[in-house]
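A, B and C are the chain letters, set down in written order, and residue numbers restart from 1 in every chain.
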Amino acid sequence: MSGLLLNPSQYQRLLEGAWFTVQILGYSFVLGVFLSLVFGVLRLSDNRIVRGIALTYTEFARGISSIVLLFIMAYAVPILMGLPQANLTLLASIALGLNMGGYGAEIIRGGILSVPRGQTEASIALNLTNNQRLRHIILPQAMRVILPPMGNLTIEILKGTALVSLIGLVDLTGAEALAFNGQAAPTFEGVRHSRAVFDLNVLVMYFVIAQAINLLFRRFEARIDARFESRKGEIAPVEDAIGASK
Amino acid sequence: MSAQASSSEPMIEHRSIWKRPVTWVAIVAFVAFLVILYVLGTRELTFGTDVAPDPNLKWDWPYVISLIPDMLNALSVTAFATVYGFILAVILGFFLALGRRSQSRWISWPVSGFIEFVRSTPLLIQLYFLFFGLASATPIRFSSNQALILGLGIHYATYCSEAYRAGINSVPGGQWEAATAMNLKPSTTWTRVIIPQAIPNALPALGNYLVAGFKDAPLGFAINVTGLMFFATTVRGRDFRPIEPFLMIGVGFLLVSLPAAWLIRRLERRISYDRI
Amino acid sequence: MTESDSATAPRVSEKGAAAVTMRNVDKAFGDNVVLDDLDLDVDPGERVVIIGPSGSGKTTILRVIMTLERIDSGSITIGNAPLYHMADGTTPANEKRIREVRSHIGMVFQHFNLFPHMSALENITLAPVKVHGVARDEAEQHGMELLHKVGLAKHANHTPGELSGGQKQRVAIARSLATRPAVMLFDEVTSALDPELVGEVLGVLKDIAEEGETTMMLVTHEMGFAREVADRVVMFDHGKILESGTPSQIMNEPEHERTRSFLKAVLAH
């Protein structure tokens, strides 16, 4: 039904916006994952003060409204810190990343707690350092529990990126407004489409991006699962090994 | 450890929940709350202040205090949309959950698809669609508040349906088998055996969605709802003070969502004790 | 590993084993006193089997040596090196110190605790490579030898999920042998196994006891095994050592009534 499709030039604008959406999602994701790892682990620290600080961060990051945080970062922070020229994209990414970190830290903490105590005890018996234990034993196993909710969280952040259009950044949502309003210009050529058609197209585009994220996470989950299955490869012939040692 | 069939009626005569006065008091109070919220929330608000902010200060306390009445008015609008939207979500979500569990593919597939689609796409665009989009292509005209409540309700119905699904799935399979063995009608199985066990498990998740809905409700300002964000942006535009209004509503959200999250955690703990 | 210039390294006998000395060790969990002013001496290379009723705290003896639990007071010495104190014997140990001494102790657990995301060989080579700085090739070769010794060379690339209980436990034993510890602790290592798999693990333990040189401390209910392998059997109950002697002494002529009734109950199966 051609009535539901937009003009090619309009699609081009939307795709440019979509590309910006993916970019800002990427920056936020990187910051978010970093904060999640750091604070998720800190939440389990032996030190009460460290635990308290981590708890404060996660409570704050989860308790605040994302749009309010975004506006504070975009409008209040530059003035408070005396940097009126601060990069809006950077500020928006920080806002979304901070938000994500709060939820992600809880996911990581839950994942770490899900690993049986015996794994920790075996690591102590083998005299691994705390870092080695976390890196080689705990986190790889925690991944199975962490990845599915992390995937959902990433999609939530994707939805959050739409808010940056409200502070003037041209993501997919911002591009929609520009393309739609551009139809009012006297120089506009081509078929004019209703707002409804624009909205539906944009919704579908977000949906596609979300499914792509789902797919990526599923792939990652499959790779992690593969580690729990036997390795391929040659085993060194045992006779040689024994002969060499005796 | 299998759970007891904690919901089955004891043989002893006891007062039904509908006969107890506490139930009726709670219902009346809740309805009164809804009515008050509606009256407060549907006012058309404009925000004006007589106190001029001091341009030399980054943070002007008397100015902040003068803004509080306006902020509370704006809060009533945001709260109104949140509560009504959540009620819609809770009800609609239940039907979505049932639809998803349907044996018939003709029902379960479209419902699953709908849930997945709405959940994966931004609430903001859905609000635009309800407020601007429908008006442009159909005779339907929603007001700002109506579009916000509808948008929140549908969006969060998809989350609530997941919460219900998890709650229903958490009821041990043996409960279903026992119901079959006792030859209970499906409606009886649902209302007397399954739902009373599923709902407590779903409550913490539902509570979290209520809090999340409250944090999302400010998006309404993009479709002209005169709530907390509208208050903050209006004040900023009018007085050129970006810091106070946004930090005020930021703190306001924390003041609501942090105690709420704490209450929900306590609720979760109490529920898990009962289950054992 | 067994020769070290560090003054803090536990002195081991030429055979690569160290003595374990516990003095006035107290350990309580809340109000529950599990180790009550415990004194225990194990000679280098000695095989000691600890028996006693469930919940008597015998597992806790092994766990405080392995530092999975910390002692409330007293001292534990491995070779000539205090475990919970610095070299002077009185200052409480820091983490670095504990790690140094702990590197000479190994433990095999009742529930195996293998790393499920690693193959058998990877389980075995992890500690030698990451903790003891052994080159990967050397570690893998040594690991294959150990796997061969416990009869599982063919399963080197298998992950624990694909192994039976007995096989898992044998891998776990190989894993702790890989770091060449001076003291080996075995915590009811056959209790979680199906009966028909117990024999293969006991066989491996007997081989280790015969060929190997490390000090071995085992908590077990397997009396037949104790009789064959142990140099000494220790009866433990209510936080204290009730009696201690050779296997034939304890099992044939126990001094205490409690030992008698315990043995009767255990041997009745």
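Going forward, a contact is a pair of C-beta atoms (placed from the backbone, for glycine too) under 8 Å apart; a residue touches a chain by one contact, two chains touch by 3 or more.
What you see is a predicted model; the values in this text were computed from it and never measured.
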Chain-level touch network, classified as line, ring, star, complete or other: line
Pair of chains whose C-beta contact count is the highest in the structure: A-B
Chain whose mean Cα position lies farthest from chain A: C
Inter-centroid spacing, chain B versus chain A (mean Cα positions, whole Å): 25
Distance from chain C to chain A - Cα centre to Cα centre, in angstrom: 45
Where chain B and chain C are represented by their mean Cα positions, the distance between them in whole Å: 56
Overlap residues in chain C, where contacts from two or more other chains coincide: none
Complex interface listing, chain B residues touching chain A: 58, 117, 119-126, 128-129, 132-138, 214-216, 218-219, 222, 229, 232-233, 236, 242-243, 246-247, 249-250, 253-254, 257-258, 261
Interfacial residue positions of chain A with respect to chain C in the complex: 116, 118-119, 121-122, 124-129, 132, 136-137, 140-141, 227-233, 235-236, 238, 241-242, 244-245
Parts of chain A lying in touch with chain B, wherever the complex brings them together: 59-60, 62-69, 71-72, 75-76, 79-80, 155, 158-163, 165-166, 173, 176, 194-200, 202-203, 206-207, 210-211
Chain A contact footprint on chain C (complex, rising order): 66-68, 99, 102-103, 105-107, 109, 111-119, 122, 126-127, 130-131, 140-141, 144-145, 147-148, 153-154, 156-159, 161-162, 175-176, 179
